[in-house]
Each structure stands twice: as C-alpha cells, then as structure tokens.
Amino acid sequence: MVRVGVLTSGGDCPGLNAVIRAVVRRGERHWGDTLVGFHDGWEGVIEGRWQELDVEAMRGYLSRGGTMLGTSRVHPWMASDAGADGSDGPDNLARARATLRDLALDALIVIGGEGSLATAHRAHVEGLVPVVGVPKTIDNDIPCTEQTFGFDTAVAIATDAIDRLHTTAESHDRVMVVEVMGRHVGHIATWAGMAGGATVTLVPEHPFDIDRVADIVRTRHERGRYASIVVVAEGARPVPGTMDVAEPEVDRFGHQRLGGIGHAVASELEVRTGFDTRVTVLGHVQRGGTPTAHDRVLSSRYGVAAIDAVHEGGLGDMVALQAGVITRVPLDQVMGHLKGVDDDLWDTANALFEARLDDPM
Amino acid sequence: MVRVGVLTSGGDCPGLNAVIRAVVRRGERHWGDTLVGFHDGWEGVIEGRWQELDVEAMRGYLSRGGTMLGTSRVHPWMASDAGADGSDGPDNLARARATLRDLALDALIVIGGEGSLATAHRAHVEGLVPVVGVPKTIDNDIPCTEQTFGFDTAVAIATDAIDRLHTTAESHDRVMVVEVMGRHVGHIATWAGMAGGATVTLVPEHPFDIDRVADIVRTRHERGRYASIVVVAEGARPVPGTMDVAEPEVDRFGHQRLGGIGHAVASELEVRTGFDTRVTVLGHVQRGGTPTAHDRVLSSRYGVAAIDAVHEGGLGDMVALQAGVITRVPLDQVMGHLKGVDDDLWDTANALFEARLDDPM
Amino acid sequence: MVRVGVLTSGGDCPGLNAVIRAVVRRGERHWGDTLVGFHDGWEGVIEGRWQELDVEAMRGYLSRGGTMLGTSRVHPWMASDAGADGSDGPDNLARARATLRDLALDALIVIGGEGSLATAHRAHVEGLVPVVGVPKTIDNDIPCTEQTFGFDTAVAIATDAIDRLHTTAESHDRVMVVEVMGRHVGHIATWAGMAGGATVTLVPEHPFDIDRVADIVRTRHERGRYASIVVVAEGARPVPGTMDVAEPEVDRFGHQRLGGIGHAVASELEVRTGFDTRVTVLGHVQRGGTPTAHDRVLSSRYGVAAIDAVHEGGLGDMVALQAGVITRVPLDQVMGHLKGVDDDLWDTANALFEARLDDPM
Amino acid sequence: MVRVGVLTSGGDCPGLNAVIRAVVRRGERHWGDTLVGFHDGWEGVIEGRWQELDVEAMRGYLSRGGTMLGTSRVHPWMASDAGADGSDGPDNLARARATLRDLALDALIVIGGEGSLATAHRAHVEGLVPVVGVPKTIDNDIPCTEQTFGFDTAVAIATDAIDRLHTTAESHDRVMVVEVMGRHVGHIATWAGMAGGATVTLVPEHPFDIDRVADIVRTRHERGRYASIVVVAEGARPVPGTMDVAEPEVDRFGHQRLGGIGHAVASELEVRTGFDTRVTVLGHVQRGGTPTAHDRVLSSRYGVAAIDAVHEGGLGDMVALQAGVITRVPLDQVMGHLKGVDDDLWDTANALFEARLDDPM
C-alpha cells in the first residue's frame, strides 16, 4: 500500500486513458495504493496541480482518446521564463521537488515518448522521484519494446484514409501522394503502405531517389494501372543532390507546417511523369480519437505492469512488450536512440510495392 | 426496350457505382434495355471508348467508392488541343455525335454535378442526345433536390475526423482548425460542424469577422473550456477589410493547393487569442471510399428513377429528392445557380455553436 | 424565461443525448430557460428523481449513444404494484402531478416513440403538463415525419454487418439470413437490404411466400451466384398457410427471444434449396453506440425545434422533418397508427433485389 | 522458378486474400514462379478445379474479406459419398494425386487452421505434395506463433459491438451478455473483454461458477454501476454441477445453433440477481469483411514468408510470428494441441474486470 503518481507527457496518443485506468484499477483493488494524477504532465508536478484518482473517477475512459490528465512538453530541468524585471524565473526543479515531497509519493509512473522517458530516467537517477516508464508514441520508435501503444491506431487511421484515396485515384487516373506522420522513423508509413497497398512508400530510414520513384510509377502505368498511391513519411528525405526540398515552413509561432515533403514529392513526380498528381496530408487526425481494440489491450497491459513494477522491484524500468509478453527493461537501455523500421520488414514491404525502391533503374 | 448510355462526369463521389448498378439492374431486368457505359465521362463519348453493361458486370460495385467507368471534366463543346502543325484540333462535338449515332442510343444518363448537368442540358436541347441527369456532388449544392448523393458520406468522414481532433485539442488545450471541402457553399462545413460539436463554423455564404471568431473562442476559454474546434469551409472568406487572405497557392500544374484559408484563420486566431492553434486540411479523403448506407440507398433510388425517366417521359429532366420521394425536375430549372445553406439550418447551427457568429461583439 | 423538463422514454436510441444537449444549449443561451432532466423517463417524474441541466453538464454528450438521463417504459397511468398487504399501490398519477407541481414546470419535452408520444399526448390533454414531443425510434415508424432520429444509425450498423456477411457467404457458397430489428415495420430491413445488396428482403408489411423466396435464391444460384443474403425483419411473417412459424420463444422473465423468424426462414430455405444456410441475429447492437453524423444533425435540429416550440406556441405538438425542414404537427395527428414502408420505396427496393418478391413464380 | 499451388481451407477469415496476394506478388516478381490457386480448398485439388494466379489477377483483393479462391472442409483422406448403387465413392486421395501430378507442382501453400494444417502435414509426410503452412484462424489458437491472422479483426468487431452495447446497458440499467466466437479457446473473449471494458469474461480455459459471476455483477451494482457487460466465449462452460447447460441446439442439417451458452448464462444471472438481462450473439459477422490494417500487414508478411519458405528450405514448415519477426516452425511441432489464453494475460484481464473470477466469494 503505497502512494503513486501518474502523469502523461509529450504528444497526444490513443490509449493514454486506458493506461491510467489500468494503473488505477490494479493499484487500488489489488495493491491498495493511493493514486495521484498530475495535470498537464510535469507542469502539474511543478505547479502542484493534481487530483486523486480512483476506480470511479476512471469510468468511461477506456475507449476515449486523448488524456484526461492533460499533457505538455514541460519538464523540471527546463528553465522558467524570466520575471518581468529580468530576474530569474522560478526554479522548476525546486518546485517539482516540493510538490513530490508534500505528496510523499513513493513512485511516479511516467507515460511518454522518447524525450519524456529520458526526463523520467533523469528524475529517477537524480533522486527526484523513483519512476516507472510506459512507452507511448504513435511513431513506434522506442527501443527494447516491440510496440508502443497508439501506433496501431495511427496505422489504422492512415490505412482507412489510403483506402479512400484509392477510389479517387482510380476514378481520375491519378497519382495520390499521402503524407503520414513519422518525423524520424517510418513505421507508420511502412505499415500503412503495406496495409493500404501503396505503390511505393518513402521513409526517413532510406533516402529516396525521386527518379526511381517516378520510374516505378511509370512502370505501373505501363502495366495498365493508371492510379498510384505514394505514401510519404513526414521525415522522408531524398538522396542528397537528387531533388530540392525546401525547409519545412514554420509559421510565426514556430509551428512547423506539415505537408512540405508531400507537396515536394508530388510536384516532382508530376514533372517527371506527366501524370496528374494530388496530395493529402493526414496530420493530427492520426493521433486522436478512440484507440483500436489492439491498442486498448496493449495500453491496459502496460498499465497493470507499470503499477506492478512499483511493487515488484521495477523502479527505474520501462515496461515493454517482448515476444507477446509484457516485461521490463532498465530505462537507461532505452535512452539515446530511436528504433527504426527493421530491415526484414522493409524488405517484405518492398516485395509488396510495385517494385523495389532500391533496385537499380 | 431501348439503348441507353451512362456516363459519370466531374469529381469523384461516393455512390457513383451504386447509381450505375441501379440503372443497369432496373434497365436490364425490368425494361429489357441495352446499357452502354462510356469511359471517363464525355471523353469516352468523344473518343468512342465504351463497354456494354449488364447485371453481372456490376456485381460487387454497390459498396465501392469511385466510379468503375472513370470520370473526367472533358465535354463535347470543349476545344481540342491544336495539332502539332498549328491546325485545328479534332472537332470534339462531331466526334461525340458520331459515337452516339453509331451506337444508336435512345438516351444518355449523365451523372454529374452543376457543370456536368449544364453540359447535359445543352446536349439535350441542342439535339446531341436526349438526356436524364442525376445530381452528384459531395457539396450538396444542386438546386431543386434536397440532397445529392455523396454528401452524407463526406459529412460522415469529416465528422469522424473532428471527433478525433477533439481529443487532441482537449489533451493539449488547443484550438484545432479543420478545413473541409466546399468551395462555393458550406453544407459540409455546417453539417460536420453540427455533428462534430464545433465551437464555430465558417462558410462561404456568410463572410466572417475574424475578431468575432476570436472573441467566441476566448469566451469559451473563459468558461473553462480550453479546447476549441473551428470548422472552415474551403471557400469561406472574411468580411472584406477585416483580415488579409492570400490567394490560394497554385502549383505549376495549376492545381490549387488546399489549406489556404485554414492556415490563415489559424494564424489570425493564434495572434488574437494567444492560444496554441493547429490546422488539419481534410482534402481528398472526403470524396473517396465506400459510401454510407444512406448514400447507397439514395444513389440506388436515383439510378432506378433515372432509367424509369427514360421510359416515362422524363427526357430532359433531372431526378431529385423532394419530401422523401424521388421525383423529377426539368434540367433548365436546375441550371445557373447553386443551392447554399438555408437560413433556418444556419440559424439552428449557430444555436449550437459556442455563440452566434452574427451577434454583435 | 420558463422552466422546462425533459425526459427520454422507451427503448434506447442513438441521438437521445444529442437532442437533450440541443434543448439545453438553445434553452439556456437563447431563451434563458431553466432546464430539468428527469431520470429514467416518467419513472423520474413519478418518483421525483431529476437533475438540473445546463450547458456545462452536457459537454461531451453529442457523440455518445444511449441517454444520460436513463429511460424506462413506466408512465403515470400505469398501475403500481400492490402493497405487500394487498392494498393498492401508490397512485403514480398523483405522484407525477405532485412532482410537476413542486417543480413548477411550464412544459415537458418528451423524447420517445409511438407509445411514449401517446402518453405525452394524454399528459397534455388531461392537463398533467403541457408537452412537446420529439419522434425517437430506430424503427422510423412515426407518422407525419419523414425520419426519426436513430434510424440512420441502425441502418448503418445493419449494413456494415451485411457487408461483412457477404464475404463469408461468398467464401463458402452459402445463404446467409440476417434478422434485423423491426417488429411492426420494415424500414430498417428495406434500407439495409438496399444498402447491403440483399438478394431479397422480408418485411412485416408484405407477408412472404417462402417458396417464392426459395425460388429467387435458386434462380440466383443458376445465374452462377452461389452466395445469397436474405434480410428478414424481426416482424416479417409468411403468407398464412405457406409455412409454419413457431411463436417467438419467451423466457421465464417474459423477454421475447430474437431470432425466431430468422431461424425459421433459414431452415425452410435450406430444406427447399439444399443450399448451406446460416443465420445472424443482429439484435441490440443496432440501437447502441455513437450516432451517425446524419443522426447527430437530425437530433440536434429536433432539440432546438422542441425548445423553440415551447416558446412559440407549439405546446401539444411533435417536431417533425418534412421536405428537409423541421416543422411541427399536432400530437393527435400522430397517434394511433404506425408508418410503414411506402409503396414507391418498396417497389424500388424490389427492382434491386435478385427478383421481385411479388412476381408470380 | 518453380510451380507452386495455393489453397485456403476451413472457415472464412479476414486476411486470406492478403496472404494469397503476397504469395503471388513475391512469387511472380521476386522468384519468377508460376502460381496456381485451387478452388474451394482441397476440393479443388480433388476435382481438378484451379486457376492460374498472377499479380494482375490479385488487384483489389488486399482489403477484401473472404477468400477469392473459396474454401471448404473437404480433404483427400475424407471418404467420398458412396455411389447410388452402393459402390464405393471415388477415391479422393487418388484424384488429388492425379491433379497434383498433372500440374507438376513443386509445392503447395496451405492457408488454414488447426485441422487444415494437420492435413497439410499429412500431405507432406505421406509424399502427396511438399507443403508450407500459413496459420489462419480468428480464434488465435495455433501453437508456436504469437498470432494468427484474422484474430485482430475479430477482436475489433467484437469490441465495436461491446462499445455499442454499453450505452444500451447504461440507458436501461441492464446486464448485457455478449456471446463471442471461441469454441475451444477464449482469446477473442479475453481480448474483446479487456478492450470493451467487460465486467467479467467467461472462457473455455476456466470453467466458471455462475454464483461467483452473479456475485460480481451484484457487487458492481452495489457500487452504483447498474449496467454490466458479461462477455461469454461460445465454448465457455460452468464448473460441473453448478449450473445446467443444455446441449447446443442442432438443427436438422447438423448446424449447431450459436447462443446456447449466452442465453443460459443470461437466464441464470437474471434468476440470481433479479437484474434485467439481455443477450447478443455476435456470430458470423466476426469472421467477415475487410481486415484491420494490423491483419493486412500480418497476412502480407505471412504470404511473403510462405513463398520464400518454398525456395529456402522451408518445406514442411509453418510460417509463424515470434518476437515481432516472421520465422518458421516444423509443422509437426504445431500439431495436436491448441494454444489457450496464457496465464499472465488471463491474470491481467482479471485485474481489469470488476473483480477476479477466481477469488473466493
């Protein structure tokens, strides 16, 4: 019977509420714990904004997207804004420490992606609070786990969109370029490309040759298939020197505008092939809404394992899926690198596209 | 027992195949007709590309998006490209006439939107071929009918996306701007805004005051709701002089890039409110994929009515939905204007938004 | 500025929450009303169980199925259970009167189907409370309105199921019988049958000849289509004397077990055709879950119109959809009969089935 | 460059077409193979009904449910029907052998469940034809692989139904019993129960005590939650002696009628708790329709691996998913037992239900 905090950090992700619900159900009913949820990630720790969580408070949240606790990208080692008089801002770390001390927490469960897990690890090793990490990201790029929750939902949404674009492509004999999420890795693009029957898929792990892409689309055309779907991960980039890509547009608020690479690829393809080409940028819809059944189960299993870890010697660990079983890995093994699409899967994906991207032309 | 042609013209739209299937089933089985489908709209008439259609050929198409006949924006009165030697291009009208004469068609069923129906009317009155029109457009802007097929599906897709964006907006305390289709009218925006619980919705029929929009979002914020959804029709425009809107970007192929007004509204809202704001441009996914049950029924009813019209004195008419019943209206009553969102519905929609758009600030 | 009650009565239906939300938003913001929601239909009026409703309380309910107020089939003129000593039970009517007097309600909005609207009418004419009715039923059988809310969602769910059954039917060369809701009318069956591409559809309005049904399935088989889908409304019945149908099984609690007619039709078809036949009984899933975009819009429009009716002389009326516009009809015109599938639509549906049900064999 | 046959055997399953498509794309393009598809499983081998398969023939099948080849439960060692004169029927094995010899196949890819894989193994070891197996079943009960394709789709469909039943349960304060597929194992029930937030779930692996189930539902009621969802696998059975369960009804054609255990559980719960209880039997919809993105990817990976196995020494093996990677296991390791829900997952599932099924009362 201990006191455990929970927070969600970083980008929105389907399944966050399912994790929290599982932590609370298992913690309250099996372990007799007291559960505290911080609002807006570490911001709530710093500012002392939190609520008690119990089974009743979580009713109805299993199937809801988003996070009932709110999220942010703030963390305790982040410098505060300076005071109006030029003085230093408040000390975030000291404030976080005070909140955690006042609440007398025995552990903190941090549900987050790569950056958030690194912060969690720091909090753990620097003695701020003992932590357990839960791997959250639609991008599926956390090492040491076969899958992060949210990924399956993002792939499902992207695939549903590609299914719809097929019919338009076929009715108009068009090339449809679909930009999906994935700034650093191409898991969503590769899976949705396979599931959606893409003609070809471009990912950050493998710089593409736009001439080869055009060649593949043209080959397909010559085989009598006048419609093509090209899936492009947000972070896909050409082989240097083969194609100009403008820097992503950034608005005056610093938001990077999606669609840059999608529009660039479409334009270059149209130049090279002469085929009518259109772009769809899926954007934020990929990260919202009700999680798939698959993600609800995975999230729930992670939540149970996370609170169990608090009681069973797992402080400092991240819960992980390996070989179909939920297990734990030390957070320090997870830090510092992203998991890209593995070569076997990429090879299989290419076997299913119209032609291999890496074949000579 | 007559010979009837069918073609689909203009933009892709869910339900096109369901119309064709219904024409063919009713024509072949009830009337004993011979049915001919032209490829790629009028292009197939001009170029003599067509296929016979029978019940067997249509198996499996009821639930498929797109059009199995292909579509285009070509028509017989469109000038051909000039010959390489500067001579006149081939005479499209003469070629179309030749095809229709060779096939000895008694009538042509044209499934299309405003422009395509105008062309159909011209073909009818100028004696090219007797026609029956079927009102197709996701935009729902054809007069004299309560609904066009494809509209319900577009609204369903947009609403599904808005549902997903809600959870992201709430998790991050954000304003989400969603640009939906509707270059000239705001039916999709109004319905999806109502169905999706939008904070406010902007449509072409009612120029908006961006300060009023910002005011509504701020009011909501003050009521403790830190997440807002702003639905913007592609063709919504500000009251002149209240906000700069760049001309839509056009790429080097003449495709107008979507997202212009969405990004402009988001940027102005962020300036005025200081709230974190993001944009999603739904684009082509709204017009593809399997039709809703509602659209399959409406399309099927239109198809049966269209072939019946050929036999029952309806040449020169468009089939239409009025008071729940399929009826017919002369094509010349349909021409020349678009049906916008009616005032009663707009009033009801405003009653459900966070505040009325047209109230004084 | 008046005091208005709201209750939901009868079977669960997608869109109930959307109606309540619209009543509250319009009532509170436009008219300045005070809104009271009764729990579990008239039961809450009788027992004095209610809550105040305001815009904040309704947040998040637009897209949720079911009714946040609960529902029941109880009404004030229903006899109470007798006391344990054999004495009369409490007087429901008197108790309802007391609650309404204590709350000093100016009007009551009753959201219900045929039976509930009849009770509402009685409450109105007998002076219990002035009412406005809102036509709710997945069955779409309320007269004087083109559509009830909930119907579109039920059709969508049934159609989705039929889509899935098609592939199983085709893989195994089977006849699949699907029983859908509709005890007295065949709207769901007819629409879902059309939308799902049924081979044939059986409805309560037209007693069927099982030999004719078998004949149609066999004809299809001879045309090389070895898979058939037969949609059967729960209340469909054979022409007397043509086929035995057992009375619906009733369990010891008085619940009528669904599936009776579905299993009977399947068995008879298998006997007559020798084709492998299976049954699916869709049941309760047809009435739950998130409403379609179409139903959310319709429900919202009904809600706004209902509270407007309270203020604009519409007491004693039901809101209705006619020719695409929300209007009102006196409740007494609605009472006493159910709206069946109209002949034109039935004729169109039959044109799309494998063969007409009413043709001679 | 070899000649390879493909067949689908046993029950319909989402993803069958995706496997075939992947086999063909990889086989034709990478290995230069000739592919032959048998109709209706082994029936096509016995009767010599087959077609050549190439990439073009498979266009559009990735997202389609069912199997374009048809399926059956026939196999070569099955006795034929006797001749009308009482003579032995034709020798199925000899006929299969003849077809395979005539086609000069180098290998046969058998896509099937437990029984079909056993037959495949027999064909392999008895020298009928060298085989590669692909594990297909919505039940997920094949050993040596973490997941079979079709399972994710079945869980998704069941979860969607449970989501819908929740709102009805809550509106009426009801217990809803949902019977899902799983005659021998409870994977679908366990996953859908977790994903759908079931109050309790009953599976074949753990005989249930109906008094304990009633107790859990009552406990929930006392906590103020008047709606409960009880998920029951088709093959769940009570602890002997605790409750009568009638033998499944079998119709005159030998089809076992679903719903037996669902109705029995509902009836007993209503007796014990007095709460209003209803039953939904999901049935065949769980095995049809478009596969989820997850299943399309898994099916595609299996298909590529199966044809690779033909070329890379994998004859006699089954392709399998282990630790996120597609690998192979000898078919003889797979035979003879079914994989049930593992104890860890069952333990986690119970942590999320209203109370543990195996706790003392």
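Think of it as A, B, C and D in the order they're written, each chain with its own count starting at 1.
We take it that a contact is a pair of C-beta atoms (placed from the backbone, for glycine too) under 8 Å apart; a residue touches a chain by one contact, two chains touch by 3 or more.
Computed from a predicted structure; not experimentally measured.
Trainee: Would you kindly tell me how far, in whole Å, the mean C-alpha position of subunit C lies from that of subunit B?
Mentor: The answer is 31 Å.
Trainee: Once you find the CA centre of subunit B and the CA centre of subunit D, what distance in Å lies between them?
Mentor: Subunit B and subunit D have C-alpha centres separated by 42 Å.
Trainee: Subunit A to subunit B: how many Å between their CA centres?
Mentor: Taking the mean C-alpha position of each chain, the two centres sit 34 Å apart.
Trainee: Got the subunit D residues that touch at least 2 other chains?
Mentor: Answer for subunit D, listing residues that touch two or more other chains: 160, 163.
Trainee: Have a look at which chains touch which and call the overall pattern line, ring, star, complete or other.
Mentor: Topology of touching chains reads as a ring, each chain with two neighbours.
Trainee: Provide the full list of chain pairs in touch.
Mentor: A-B, A-D, B-C, C-D
Trainee: Which residues of subunit B touch subunit C once you look at their complex with the stated criterion?
Mentor: Residue positions touching the partner: 22, 25-26, 29-30, 56, 59, 62-63, 146-147, 152, 155-156, 158-160, 163, 191-192, 194-197, 223-225, 290, 292-294, 296-297, 300-301, 304-305, 322-326, 344-345, 348, 351-352, 355.
Trainee: Which of the residues in subunit A end up touching subunit B in this complex?
Mentor: 8, 12, 14, 16, 40, 64-67, 70-72, 157, 160-161, 163-168, 170-173, 176, 251-253, 255, 257, 259, 263, 267, 270-271, 276-285, 287-289
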